[in-house]
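Below, chain A partners chain B and then partners chain C, in two separate complexes.
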Partner chain A sequence: MLKKIAIDQFSELVKALMDRGPLYAPVKGKEGVDFQMIQDPADVTLDFYNTVLSPKFVFFPQSEDYIRYRIIQGSPEAQPVPLESRPAVILGVRPCDVRSFEIMDRHFLGAGVIDPYWKAKRDSTTVIGFAFDVTQPADPADFYNTFGYGAADPEGSDIFMIRTGKDLLFKGMTDRGKKLLDSLGCLQKGDDRDEKTFEETVEKGKTVRTRSAEIDDRVIAKKLVSIFDNGEFWQKVSMACIACGVCTYVCPTCYCFDISDETLFREGSRKRFWDACMFTDFTLEASGHNPRPRIFQRYRQKVCHKYTYHVDKYGCISCVGCGRCIRSCPVNIDIFGIVVEAGKL
Partner chain B sequence: MTAFKKIEENLRKEAKSLLESGRVALVLAYAGGYDEKHPVPYIAKTVADADHLVFNEYCTHNMARYLTRYPLGTKIAVAVKGADSRAVVQLIQEGKVRRDDLVILGIPVTGMKNQKTGEIIDTKTIADTINPVIHDILLGDEIHGVKTGSPYDVLAELESMDKDARWAFWKKEFERCIRCFACRKACPMCYCDPCFMDISRPRWADKSPTVDGTLMYHLTRFYHLAGRCIDCGECTRACPVDIPLYLFHKEVAKECEAMFGQAAGMNIEDKPAMADFKGEDSDQMLGS
Partner chain C sequence: MENPYIPMPMNVVKITTEVDTNDIKTFRLTFVNKADEDKFKYLPGQFGELSIYGKGESPIGIASSPTEPGYVEFTVQRTGILVGGIVTTALHDLEEGAQIGLRGPLGNSWPIDFLEGKNVVVVGGGFAFTTLRSLINYMIHPENRKRFGDITVVYGARTPGLLLYKDEMAAWQKRKDMVMHVTVDKGDANWKGREGFVPTVCKEVAPSSKNAVTVICGPPIMIKFTLPVFFDLGFSKENILTSLEMRMKCGIGKCGRCNVGYKYVCKDGPVFSLAQLEELPRDY
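The block that comes next holds the complex of A and B.
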């Protein structure tokens, strides 16, 4: 059953969601629009193409404490930090980003070890996906069509949201999503015409063209391994790379982290926090040896992790074509173009 | 001003001739990216490579940033706009590159645009260095008669704030930092290897993105660039969350210029302000 609310009543919905628990939604900030935990319903905006940073931090914060401790003479005290399981909602996630959560699930939940930190937040969070504006062209950096995603694909969301002229339409895609929709008194029932609009938008979303190429997971995985030693190619495609961490930090599917104990005046915490394979010290060993001292080696690692190792280990490419790494790259490196070029070698 | 297309044509022509004659091994300039608005820094090594070179209003990157990648003695041609040329001068002053190794391709230009916003960047950075301060070959005619104002005009708003308000302003900005280190990596003057932030013993700042550690990083970097920042604005354009780093750098540059009577990278004969001592140097830091 479709539900709807008039756009000018949208803040009623935001308030209702905030009453249930933490709500993450797009907020206009200085750099553009990004997801934030909402304090004031008026902060939420639906006028954006896509967020600068990906929504992964809702499940995988940039920094997260495992254990907090005090160093007391003789008997240090240490307490594990309780897992965060609260009925949260993340609203406004674009279809390609919704797929990123499923890819991250394979790593955090399907690798033989279940990551309790990811799982607690993922299990307790309802994802409200949000169709791109299907009347507008895609950003030139995007290439999510490559992975078969449309601009208004509802799959993967608990609830999928579409904006029409004056309404927001909501469709429950999972039991959790349907339950949440049923509990929201501020929503009205949609009629047959709304159903039709919803379906038409999903279809129209499939006609929004991003850059796209035939990239078969297994074929590209093999291809990249076969050109691993082609230093000339890797140096050429990464010559502009300055080895910062922008691409990995804005990426919805990069999950590498570091762990460190940080102590200040006898109190501290053991924490994990994002790390980036483009950093010089990412693979620096205690001996002083660094197996990837050069930028092209680290760039190759990044591409191969996403397009080869992830396929070998988890059966899918770890990229959704959201275009963030390309839009935010200080030197405009285009991973899509590089993968396509590699495929032709 | 010479048209962008004409500058591009000259760039290709000069690059070809320099590579063909063997005068240089590399030409640092720009090539096309995934669209016209997103050119990519490019290192041409052959005459055929030179055909890929482009120049348009979005070629904002400071190519001097790549110079320190190569060992001394490598013959390099580098395409530089006004502020970029100051980076070359500063690197020569600091002994990181040698004048004899370089062929400096100067590009006098105004109207460069920020790729993300489309806004013209001249007024925020490169304010009074429209023409390269050093060159061997000019790729366009020098520009005269453009009134640019002081590079420090944009500081008026920050300077009018009291200490607490200014602290609040910067704290808020640095709380948004995601520690991607794009600012230091885009900076032509950040060539330390290793950077103090990458040293684990001792650890100078938290490895995790704490606010304290982030402040430690940025404040140290600002002071490390005292008398060295050449105002190209690359740190700010590289920042994915648009932290206005250039404002802090400008403030330090302004004070440095007032105290030591020289701006960074203007004159190849100067010594870096922080690496030189003169009897008449300001001692106002010692006062009050």
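The block that comes next holds the complex of A and C.
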């Protein structure tokens, strides 16, 4: 059952969602549009191509406390921080980014130990996906077609949202999504014409072309590992890299983190925060040995992690072709071009 | 659901300074909570994350053996201030009676099932003897000794003062059911034992590769020169085991730091056979 709301009534929906719990939605800032926890319904914007940062922080914040402690002579006082499990909503996630959540699930939930922090927030958060504007061309950096995603694919979202001329259409894709839609009194029922518009938009989304290449998960995984020792190639493709790590920070599927204690005046917290394999001390051992002291070795690690190791470990490439790392790179390194190039070797 | 990031509180009941340079100490820990103790089941070769609030966590191999109930021991080197060492320095500053945190046991272990019924040659160099000590104590425990064939140990350090576990070593040398070869690069006036590098001693001792596995831990340079000796003796790559070192944080395969290829050393390792290592990219 399709639901809809007139665009000029959108803030009613935002208010209703905020009443339920934390709402994350796109907000215009100085550097571009990014997801934020909404305080004022007027802040939400739907006029954006994609966010600068990925929405991963909703489930995997840049910094997250595990334990808060007080240092007292003798025995320290320490309390685990309760898991965040309020029913949250993230609204406005582009189809390729929705897929990134599934890729991250394989790592945090699918193998070995289950990560309780990721799980608690994933379990309690409803994802409202949002179709790209299918009347406009894709950004030149994007390459999500490579992975078979369209500009308006609803798969993976709990609710999928499409913007038409004057309405927003919502389709419940999962039980959780349908339940949420049913509970929102501000929404109207869609009619047959809306159903048709929705389906047509999904289809039209498949014709929006991003850069694309035939990249088979298993084939590229083998290929990259076979050229692991081709230092000339890796040095050539990473020559401009300044190891700033921004590619990993904006990436929706980079999950590496550091754990550290931060103390101020005898009180503090043990926390995890984003780290990056592009940083020189990422693998620096206490002995002084560093397996990846050079930039090309770290860049090779980044590409191989996404296109080989993730395939070998979890069965899929950990890249969704969102184009963020390319748009944000200060020296215009293009992972898509590099992977295509590697495939030809 | 169990939260794998939250440490168990542990009491530091005994601190032993192991070496004459004072930078390696063994910490004996007991569990504050009985429930934690009951759950803590480990095998030789595994490690734990030791932590001190306000300083952080460090992954350290377990030096005690599961055949020693009631406590867990970790031998810790205080590392340099230029490349970290905050946690190990804080540990070294502790006094008996302090409380610290422990997460674990983590990682795989020396493959006990695989070692069973075989002759085991244990080769260690310097400080990298801690989980080998765990393995030896496990194998020579009266309940376990029959499960293994001949046990040969080659252990070396730069100087006599840098040898770990001296009392235990002396007791092992007296045993009839294992052969010990302790060596130092250079002896001192009181040293009556062997002098020579570990690879040379291995060559002299020449353990048979028949139905045998060797377990090697030590600095990279020692491993580099010891491996050819064992190849010459006929040991296959499947029967040469080692424990890998990589920088770690979470210890449970989540933080993405310690990968070699698609393996996480903290979860899929730290123990690998040479055959397994050769299938991975040389990124360690």
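By definition in this document, the second predicted complex is superposed on the first by the 345 of 345 C-alpha atoms of A that agree within 3 Å, B and C clash if a C-alpha of one lies under 4 Å from a C-alpha of the other, contacts with A are read in each partner's own complex, and residues count from 1 in each chain.
What we mean here is this: a residue touches a chain if its C-beta (ideal position, glycine included) is under 8 Å from a C-beta of that chain, and two chains touch if they have at least 3 such contacts.
From a predicted model like this one, the values you see are computed outputs, not experimental measurements.
After superposition on chain A, the partners chain B and chain C are accommodated together without colliding.
Shared-chain residue A:223: touches no atom of chain B or chain C. In the superposition on chain A, contact is made by A:242 with chain B only, not with chain C. In the superposition on chain A, A:260 contacts both chain B and chain C.
A count of residues in chain A touched by chain B and by chain C gives the higher number to C. Taking the C-alpha centre of chain A as the apex, the lines running to the C-alpha centres of chain B and chain C meet at 90 degrees, rounded to a multiple of 10.
When the shared chain is aligned, chain C comes close enough to touch A:78, but chain B does not. Superposing the two structures on chain A brings chain B to within 5 Å of chain C, judged by their nearest Cα atoms.
Overlaid on A, the two complexes show chain B and chain C touching the same residues of chain A, namely 258, 260.
Residue ranges of chain A in contact with chain C, taken from their complex: 66-67, 69, 71, 74-76, 78, 80, 107-108, 111-117, 119, 225, 228-229, 255-261, 263, 266, 268, 270, 272, 275, 277, 282-289, 291-292, 297, 301, 304-305, 308-310, 312-313.
Within the complex formed with chain A, the chain C residues making contact are 1, 3-6, 9, 51, 53-58, 79-80, 83-85, 88, 99, 101, 220, 245-247, 249-250, 252-259, 261-262, 267, 281-284.
Those residues of chain B that touch chain A in the complex are listed here as 33-35, 38-43, 61, 65, 115-116, 176, 178-182, 184-186, 194, 198, 200, 206-210, 234, 237-238, 240-242. Touching chain B in their complex are the following residues of chain A: 29-32, 52-53, 62-63, 140-141, 211, 239-240, 242-246, 249-250, 258, 260, 262, 271, 273-274, 276, 279-281, 326-328, 330-334, 336-337.
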